[in-house]
Structures are given as structure tokens and as C-alpha cells.
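Two complexes follow with subunit A in common, the first pairing it with subunit B and the second with subunit C.
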Partner chain A sequence: MFAELLQPSVLIPWFLAMLLGIFVGATPGLTATMAVALIVPISFHMSPMAGLAMIIGVSFTAIFAGDIPATWLRIPGTPASAAATLDGFQMAKKGKGNFALGLDLICSSIGGIIGVATLIFVAPQLARFALKFGSYEYFWLGVLGLSMSAMVTMGQTSKALLAATLGVFISTVGQDVVSNSQRYTFGSIEALGGLHFIPVMIGLFGVAEVLRNIGQSEALGEPTGEADSSSLISVLPEVLRHKWCVVRSALVGTVIGALPGAGADVAAWGSYGIAKSSSKTPEEFGTGTIEGVIAPTSANNAAVAGAWIPALVFGIPGDAVTAIVLGVMLVHGIKPGPMLFEDGGDQVRSIFAIALVTQFMLVPCGWAGVKAFGLIQKLPKRTVLAGVLVFSTVGAFAINNSMFDVYVMLAFGLIGFFMEACGVPVVPMILGLILGPLVERELRAGLIASSGSFEPFFMRPISMALVFLLFLAFFAKPMWKLISRRLFTK
Partner chain B sequence: MNDMEAEQQESHFNSIGTAAFGLFLILLGAGIVYFAKDIRVFSFGNNDPGPKAVPLGTGVILFVGGVLQIVVAFAREGLLDRLRTKSKSEKQSVTKLKPATARILWMLGTMVAYVFLLNTIGFAASTSLFLVATLKLFGSGWKEAGMTTIVIVAFVYLLFEVVFKVSLPTGSLF
Partner chain C sequence: MNKTKSANQPSPSPPCLRASVVKNGFQWTKHSRSFRRFRSSFTLLVCVTILGCQKDPQAAIDSYPSKTVTVVCPWSAGGGTDRCSRFWAERLQTKFENPFVVMNRTGGSGAIGHSAVARAKADGYTMGMVTVELSMMKQMGISDLTFRDYECLMQINADSAAVVVRKDAPWKNLQELFDEIKSSKEKLKMSGTASGGIWDLARVGMLDAAGLDIHSVTWVPSKGSAPALVQLMGEHIDAVVVSVPEAMPQIEAGELRLLAVMDDQRHPDFPDIPTLKEEGCDWSAVGWRGLALPKGTPPEIVAKILVQCEEIAASEEFKEFMGKNGFAVVIRGPEEFTKFLEEQESLWTPVIDLAGYAQK
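Up next is the complex of A and B:
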């Protein structure tokens, strides 16, 4: 099996595809989905093994590559990298960008290995658990995700929750999928499809960051930053020191990735929230902590592997990338579903082997990308800022070849700048935008299924567990403080 | 500026930020609730709360949240007292902020013009104009601005138009 994978006819296109994944993933506006879509036509001309290797390789590398511009420039390359704009970016500002990306890369690789191992050993069981989730459970999962906004921005709970609510509202703009009613489109045909996530994100992070820099810095002719001389070996002691954070984040990422509709972006935020709430120094999150870098990156790559669980076992894609990969598999004569494990043992083993080897190949490919992107830091700040604005504009346009997305990007650049100037975190708004459609869809579907009754939202076992977690998220710390204060005074 | 003055100044800006955010939410929330009247609701008799429910809910939360933010700014963060007693250091900081504000406003104006021109005269011409204007605004010399513009425009064009086959806006020029 491995001997076949290491043939030059498989290995060379596989490696080149992964380099393309790094390039596309690191370009704001071009998503992991687009990277996979670009490779699909080429993969059809390859052997099934080489074709699958290219597709699987791209899907993992593009997710990591999104962290590179998020860390250097605070512009996430893909939605799954938005969490890297917090601690990764802060670390880069302190002159430790290569160190942050080295940590990011090693943890992405380890997260991917844990995700693939989970896929291999517990795929059927985990997929069965995911199938127990109905509308009620998905609704609470979405609300729990929104509450993460309060956790990731500790000390600004009310502003964070309002920003998340604003995100939920923005997600409702466009044509309602159930009734086809137009919501806040004001007659614009282009707004019918809603406000696309990518231009909103580019505006909130990229444009707002440029405006902030222009406002703060007088020395625009100086180099953008200092690329440190950290190597991959220098980050290994830190990875070992935080091994449990890596393992926990990867497992959280795998489980969230296995839930259809909850992709690598939700996984990254979820594990960041968990890492922060379980940290002894949560107040340091967002200032460039190692755990803040490790948690989201371990989770987002593991989530890619997690999304393969329902895809392979039931033929249900967990996200857009997996949906494309399923299509490619069908073309190559691989039919995902329970029978694949019964009849196609060799095919399943091939997929597992490719996914596993990809995690090891990610390290040299990713480091090449990090080094190439690090050269940008040597350019004067004004050159980088002007380039970011052009890339942001073209990146927003490239999604649908539409000027509407450019207007959206510009508007959200202003909103993001205004919110940051007011001391309001913009991250929860992104969470609201991601989870808003899920929360609304499942609330409505749940109420239709229960004939308008809210009882199942609270009485089903998994729902109850999720409500309990939500309660803990908000009240555990104040209650613990109250109890410990009373004990202390006694 | 000593630590106490710095803290006072930060707190002052915090309270203004909270109040400004509150006002923004009140206006937005009111707008959301008002324009919800334009959403057509069809009854399918299936207990669906309808397309209005979530936007209306968020509108009400944003409105109430906005009011609360203003209350917090005045009652907890002492905005009124701070507006009355402007310290010397605050006055200095306001003077310092002026060039930065001017740069931001210039940048915003240039961005709006770029986005408008992008669709009118096309990618290459509008991006070249935008880059030269921006780089000059940031203090570049003509030579640096010209070289940087050529490199960025060529790189973005090759990457998107040639490699990724994304059709960039052509407009009336190129």
C-alpha cells in the first residue's frame, strides 16, 4: 500500500497539489473549497490513487495555509483560520511570527494525524452518534457556539454577545430558504443570495486592520515586521509542554468536524473557547499565548479528517470540500457508504493511508509556504498595506465575480474599524455570521417537527446535556468564585 | 503623562466607545424592526415561526442592548462627568489624533474612489491609480510608488486572471 503511494507517478503530483493548496489557502478570498475545485479536473487525468492523493492533500494543506496570512497580516486565508488572527497575529507583532507558524504547522500536522487516527478507529461509532443529533440538538449546538463569543472575549461579555447577535442578523439578509421571502434586500438582486461570508471577513479583519495601522503608525516606511529565525525544531519543546491541549483540541475538532454543517471554522472557535476557559491564565488569551495558537490550529485540521467520518460511512459530506471529494470518489469508482467498509477494504485502506501520509508531507510543504510568505515582512509597511487593500478588493470580487461583494467588503471594513475603535470585539460577529443560519434553520425545523412545542428543545437527553453545558459556560465561574469566597471567609 | 492620567484617558475613550456603539445599535435595531414590515409572511399551517422571527428577535435584542450600553456608559463608566472635566492630557491627545484621523479619512475616500473606478475603468487602470495615490499618501517617492504599483498590478493580474482564471473587472479602459 505505502510502496504504491511512494511511486513518483503518485508522489510528484501529490506534492505539487499540496504546494498549490498552500498558495491558494494563503491567498485571501480563495478558499480551501476553491483549491480542491481547481485540482478536480487535473485529478481526472491521473490514476485513482494519484487523483485521490492530490485531492486529499489539497484539502488539508489549504486549511493550514489560511493561517499564514492570518498570522502575518491578520487576514484569514480561509474561514477556518479566523481564530488565528487572535494569538497568532499578536505573537507575530511581537516579532515571533515564524515561531507562531512553526507551532501552527506542527500542531496542524499532529491534529491531522489524531483526526485521521480517530477516523480509522472510531469512524462508524462516531458517525452513529452524530446521527442522533436532530434539529433540537443542532439548535443548542449553535447557541453553545454563539456563547463561545463571550468566552473568547473575556471581560467584554455584553459587547461580545451583542456583536454575535449582530452577526446573526447579518446572516438573515437575503432570500429566506423556506418561504422565499426577501429579507432586507431593498430591491437588490445581488443581495438575494445573502451577504457572503468571505467579503465580510476580509472587510472586518483586513480593511479594518489597514485603517487601524494608518491611524496609529507614523513610520509607514519601516519594514512591516521582523521575521524571527525560529526553526521547526525550536517549537517542539513547546508542543510537548502543551501536549494535552493539542490532543484535546484535535479530538474536539474531530468530533465537531464529524457533525454535518459544523466545519473546520466552528471547530477552531470551539476548541479556542475550551482552551481559554480551561486555562489558568485566560486573561492572557488574545495577547499572543502559545495555547491560543495551538488550540484552533490543531482543531481545524482535525476537523477536516472528522468531516470524512460521515462522508465515508454514510455518504453524507460534512462540509463543501468533502462534498467535492465525494464526487471525485464516485468518478473514480469508489462509492461511499456502509458497504464501502464491507466490499471495498482496499479502497478504504488507500484513503486512510493517503490521509495519514499527507499529514507528514504537510510539514515540508507548509514550512516552504511560511518561509516564502515571511519575505513579505521585509517590505516597507506602506507597500504591504497598499497590497493588502488591493488583494482584499480583488479577493472579495473573485468569489462571485461580483462588485456587490466588493461593496460588502468595504462596508464591513468600516463597520469593523468603528467597532474596534469603540472597544467592541469583531470576532463574535464572525461567529454569529457562521452559526446564524444553523441556529435559525434548526429552530424553525424543530418547531415544525414538534408542532410548535418547545418541550423537545429541553427534554431530549442530548439537548438537556447541551443546555446544561450552556448554563455552565455562563454561570460556572461566577458560582465557583462565590463558593470559594464563602469558603475562604469561613 | 502619569499612569493615573493614562488610565483616566483610556476610561474616557472607553465610555465614548460604549456610548457610540450603543447609539449605533439603537439605530440599527430600530431600522431592523421597522423594515421587518417589508418581509412577506406566508402561512403554511406548519407551525413555522416564519422568516420574520429571527431578524425581529435580533432587532429587539440589539435595540435593548444599545439602550443598556448607553446606560452603562453614563452610569458605570461616568461619561457625563468625564465630558465635563476635560483634562489637559486629553486635550493634548485630541491634538495628536488629528493627523491620524485625516489619514484615515483620506484612505477611506481613496478606497471608495477605487471601488467606483474599478467597475468603470477596469482593474489595471483603477488599481494603478489607487496604488500610486495610496503610496504617495503614505509618504513614498514617485520612483518607489511607480515600481511598487507595476509589481503589485502585474502579480495580482497574473495570479487571478492567468493562474486562477478569475475574470477581473475590465471597464472602459483595461
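Up next is the complex of A and C:
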């Protein structure tokens, strides 16, 4: 079977697709979903194996490549990379950009391998577990994620909460799923679809970053940054030193990815929060720590593998990419279901093999992308910023082929610029925007299902566990401090 | 005089000619008198050609298609409607030997994409894959569009809605489910779409036709059919109303089963499953898809596209594509399609009233 995979007719399109994934992932606004939708019609003219290899290759590389512009320019290429704008960017600012991305790449690959291994060995069990998540559980998961915004930005909690609340508010624009009414659309048909997450994100990060730099006009002629000479080998000792952080983040990422209602973006934030709250030096997070780089990137690649779990076991797509892949699999005559794992034979094994080999191919492909992107650093700042603005505009337009999204992007560029100027962090706003709809929808759907009773929100086993986790996240540290202080004073 | 005329007129001429006018216009101010005279006579020639084209819309019709045609898909990339749009775009591209490109314009329950088609220039270079939501968006107050805002070209598909339950559900047929709804103290929970979404309305229509109170079950809103099926499999709800192909993977995996289809005939893939009519409940609901052009597209161009569409619809490739995706083939030409859309409107309007979603 591996021999079949290594034929040039499979290997060449696979490799090209992964390079496409690097480009698409590194360009804000171009998403893995778009790349996969482009590849699908081509894949029908190929062998099923080559088609699946291209699709799997694109989806994993695009998630990693999103971290490249996030680290160099503080502009996440995909929503799942927003966490890399914290520690990755700070590390690059200190002149260790290649080191950060090397770390990022190796951990992405390891995270992916752990995710795929979980998929191979416990997919049916994990999928059954994921089904137990109803509205009540998703609600608490969303609340847990939102509370990360307080944790991510410790020290300025009130401003972070303000930003998160604004994010939740923005997410209410558009047509409401529960009541079918229109909210804050002011009669505009374009606003019916809501303010799309990606143009908002490009505005808050990309455009705001351009505006900030224009303010320092004397620096515009200088090169954008200094690239260090770190190689992939030089990061390995650090990866080894933080191996538990990688494994834990990857497992968290896989489980969150396996939940049909949550994806790689939630996984990245979740593991960042966990890494921070379990770190010995949480106050250093956000200043360029190694753990802060490792945790989100291990998790988001693992989450891509996790999304395949419900897809293969029950035919339920975990995200937009797996939804497309499911369609392709049906066309090729591969029927998803629990039986697929027991007697699926070659088809399933080849999917697994492709997913595994992709993780290893990711390292050279990704490093080529990092190096190519690093060349930009030598250009003068004004050129790079102009390029950022062009790509941001194209990306915002490409999401839905709509000028409305471009205006949204520009407006949020201004909002992001002023927020940072006032010392309000933009990251919690992104969290609010991602999780606001989840929390609101699941709370209301849950209350409809329970005829208005709050009981299932607390009494169901998984709900209870999530509430307990939430409690721990906020009170474990202060309580431990209190107890240890008592012990010391005595 | 001719020159100013050409500058003011938005012309439907080929882009290359227009570009050369602009180019000449720029050079006009930059060159010596003799050269200028040569240029101006050349410009005049170009203008005469353009004006000639404008007076003769026949030329635009004869040369159709001479540039990229956009096929608007009102739903997101990768979904069923998107797959259909891409298939048709690809086939039309081969037939016309001219680029046909799919553009996804999503959001607002399909309203954004549908209005992008209706508002586009009626020159045949924008067409759209319209869907069942068009039959209800006006009554729901989401948009003021109806099928009357389009040149309805051809219906290509209609998938029956179905009542789906878990494989171990206690009800063997629809009647038993209805009995349970009547007698059960605790309301049963159903889902499939958002509140007021198509399958919510299909559920309302079914309960009403069965003589049950439409509030006798709880509709738990969900973002779409996929999350609703997850909720059903996780035992968070009791039954789901979705179209047959949406539930196909889970049915084939043996996790879910059909109780009844909401159609006039039985589903070819499930000949043992009765229709609602057979169960004594006069109601049918289908999710359909079709091709449409903006209102006012020249009839000659409509006819040109229709000829090719008829060929594609009759082809083996189309049947194979639909079969593999589990979509039912239902072809209706322009008149039949328009008549069908009138029927759809009068089918859904009272249901929307009954469900309480009607606007004005």
C-alpha cells in the first residue's frame, strides 16, 4: 500500500497540493475550505488515492501555514492561528522568528501524528463520547473558552472582558437561528449573513497592524525584521524538554476537534489556556514563551485529525473541510460508518497512511514555506505593509465575493487600531466572536429542549464535569495559594 | 463629438476595444499635432465600431458567450447545492467552450445569493442555482424576492423530506410516532434546521395535515441538518426532519432509519418506506434546486443556454453524478418549472402563516 502511495502519480499532486496549502494558509482570507473546494473537481479525474492525498495534504498544511504570517507579521492566516499572534510574534520580535516557526512546525507535525494515531486506535470510542455532547455541554464548553479570554490576558482582566463582550455583541448581527428574527441588520441584505469572522479578524490584526506601523514613519524604509539562522535541528532539544506540553495539547486538540460543534480554532485557544494555567510561570505567557508557541500549534493540527473521527465513524462532518471530503468519499464508493473500522480494509488504511505520511511531508514543505516567507523580512517595511493591505483586501473579498466584507475589514481595522491605542487587547474580541454564537445558540436551544429548566445544565455528568473544570480554572490557583500561605505561616 | 459620446457611454462592447479607447484617450494629450490627427482618426474608427455594436443588440446575442459567465451558488462551498453548481458550470463550460465560474454568495438563509442573481445585469453572464428557500423568503420577511424576479430556466433536482429516527427508536411506523405525540405527557423533541427553516416548516405542514397541534412537539433549533443528525444520534432529541440525501450516510451506516418520506412517490432507494400520503396524511415537501437567470435576460440567450442545459440534463454523466451524490433527478423545463414554483408558493404560504413566521 505504501508503494502505491509513493508512485509519482500520487506523490507529485500530493506535494503540489501541500505547497498550495502553504500559500493558501499563509494568505489571510484564503481558507483551506476554498483550496479543497478547488481541488475536488480535479480529484475526480484522478485515482481516489491521489485525490484524497491532495485534500488531506492541503488541509493539514494550511493550518500550519496560518502560523507563518501570524509569527512574522502578527496577522493570522487562518482563524486557528490567532493564538500564534501572542507568543510566536513576540518571539519573532526578539529576533527569533525562525526559531519560533521551527518549533511551531515540529510541534504541528507531532501534534498531527498524535491526532492521527488517536484517530486510528480509538476513533469509534471517541466518536461515541462526542455524541454525548448536547446543547448543555456545548454551552459550558463555550463558557470555558470565553473564560480563557480572562486567562489569556491576565493583569488587565476588565479590559479583556470588555473586548470579549464586544466580540459576543458583534456576533449577534444577522439572522438569528433560534427565533428567526433579524438583529442589527438595519434592513441590509448583506448584513443578514452576519459579520463574517474572517474579514473581522483580518481587519483587527492585519489592517490595524498596518495603521500602527504607519504611525512610525521614520522606520518605514528599514527592513521588516531580522531573520535568525536557527535550523530545525536547533529546536529539537526544546521540543524534548516540553514533550508533555506537546502531548497534552495534542490530546486536548484531538478531543475538541472530534466534537462536531467545535474546531481547530477552539482547540488552539483551549490548549493555550490549559498550558498557561498549568505552567510554573504563567505571567510570562504572551511575552514569547516556548510553551505559548507549542501549545496552540500542537492542538490545531491534532484537531484537524480529530475532525475526521466523527466523519469516518458516523458520516458527520466536524468542519467544512471534512464535509467536502465526505462528499468525495461517497462518490468514490467509500461508505463511512462504524463498520469501516472493523472491515473497511484498504480504503481506510490508505486514508490513515496518507494522513500519517502527510505529517512527515509537512516538515520539508512547511520549512520551505517558512524560508520563502522569511525573504519578505528583507524588504523595506513600507513595501511589506502595502502588500499586507492588498492581500487583506483580496482575502476579505474572496470569503464571499462581496464588497461588504471589505468594508467590514476596513472598519474593524480602525476599531482594532483604536482598541490597542486604548490598551484594550483584541484577542478576547476574537474569542467572543468565535464562541459568542456557540454559547448563545446552545443556551437557548438547551432551554427550549428542557422547557425552560436549568437543571440539565448542571445535573448531566459531562455538564457537571465541565462546571467543575470551570470552577478549577478560576479558583484552583488562589485557593492553593491561600492554603500554602496558611501552612507556611504556621 | 464622437469621442465624448464614446467616453460617456457604458458600452457592452468587447473589453479589448474599450481598453484601446482609453489608451488612445491618454495619448491624445501627449503627442504632436500630426500624430494627434492620426490618433484621433483611429479613435473615431473605434468609436464608430462601438456605436455600431450598441445599436445592434443582435451582435451581443450572436456572440454569446464571449466572456466569463458567473454561476452564483447561494450556499457554501462543499455542500450539495455547491456540488450541483460546480457540475453544471463544468458541463456548460465544455459545451460553450467558454469559462463558467461558480461564485459562492452565502448567508441570510440563501437571501444574499438569490438577490445577487436577481440584481445582476440581465445579459446572460450571470446565472444562479436557486433553491427551495426562494419559495418562502418573501413570506418570511427575509427578502422581497420571489420566482417572478427570475427567468426560471430549468429545475434539476427535488429531494423528498423524510422523518428520520434512531435505529432503536420504539416506533415502527409514522402512525406509532403520531400516537406517541398525542398520548405522551412529555413533548417529543424534533429538529432539522433553524426555527422557520425549511424542515421546521415541513414538520409544521406534516403535523397540521395529520390533524395534530403544531405545538405538540418541541422544535429544537439547530444550525443545519448535520448538527441536528448529531443531536439525534446522541439521543438528545427524538426525531429529525431532513431531506433523504442529508441523512443517507447515517442511514447506510445503520445508525438511523426512515419512518416516512414526504413525497408523492416512494423513494427509489427505499422502496419499503411509505409516503406520507399512504399514511393518510396529505402533505409533501421537497427540497428542490434549479437554474435561473435575472429577469429580462434576452430570450435568445435564454434559449441558447436552455438548449445546452437540456442536453446536459439528458446526459448519462448527469444521471451518474446525481446518483453518486444520492440526489433525485427531477427535470422541469421553463414553463413547467414556473408552474411548479407557483404551486410551491401556494403550498408554503399557509404553512408559514400557521407557524407564525409570516411578515405582514
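Methods note: the second predicted complex is superposed on the first by the 486 of 490 C-alpha atoms of A that agree within 3 Å, B and C clash if a C-alpha of one lies under 4 Å from a C-alpha of the other, contacts with A are read in each partner's own complex, and residues count from 1 in each chain.
FYI, a contact is a pair of C-beta atoms (placed from the backbone, for glycine too) under 8 Å apart; a residue touches a chain by one contact, two chains touch by 3 or more.
In this text, all values refer to a predicted model and were calculated from it rather than measured experimentally.
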Touching partner for A:331 - first (subunit B), second (subunit C), both, neither: second
Which superposed partner A:229 touches (first subunit B, second subunit C, both, neither): neither
Contacts of A:423 with subunit B and subunit C, given as first, second, both or neither: first
First (subunit B), second (subunit C), both or neither touched by A:407: first
Greater subunit A contact set [subunit C / subunit B]: B
Subunit B versus subunit C as contact partner of A:133, first or second or both or neither: second
First (subunit B), second (subunit C), both or neither touched by A:215: first
Partner chain(s) touched by A:448 [first = subunit B, second = subunit C, both, neither]: both
Subunit B versus subunit C as contact partner of A:179, first or second or both or neither: both
On subunit A, positions contacted by subunit B and by subunit C: 34, 178-179, 182, 401, 444, 448, 451
Contacting residues of subunit B [partner subunit A, same complex]: 13-14, 17-18, 20-21, 24-25, 28, 32, 35, 38-42, 44, 46-51, 53-55, 58-59, 61-62, 65-66, 68-69, 72, 99-101, 103-104, 107-108, 111-112, 114-115, 118-119, 123, 127, 130-131, 134-135, 138-140, 148, 152-153, 156, 159-160, 164, 166-169
In the complex, subunit A residues that touch subunit B: 24, 27, 30, 34, 38, 158-159, 161-162, 165-166, 168-169, 172, 176, 178-179, 181-184, 207, 210-211, 214-216, 218, 220-221, 380, 382-383, 385-387, 389-391, 393-394, 397-398, 401, 403, 406-407, 410, 413-414, 417-419, 421-424, 436, 439-440, 443-444, 447-448, 450-452
Residues of subunit C that touch subunit A when the two form their complex: 76-80, 82-83, 86, 90, 103-109, 111-112, 115, 140, 142-143, 187, 189, 194-197, 218-223, 226-227, 229-231, 233-237, 248-250, 252-255, 324-326, 357
Subunit C-facing residues of subunit A, complex: 33-34, 36-37, 40-41, 131-135, 174-175, 177-180, 182, 189-190, 192-194, 196, 260-261, 310, 314-317, 320-321, 323-324, 326-327, 330-331, 335-339, 400-402, 441, 444-445, 448-449, 451
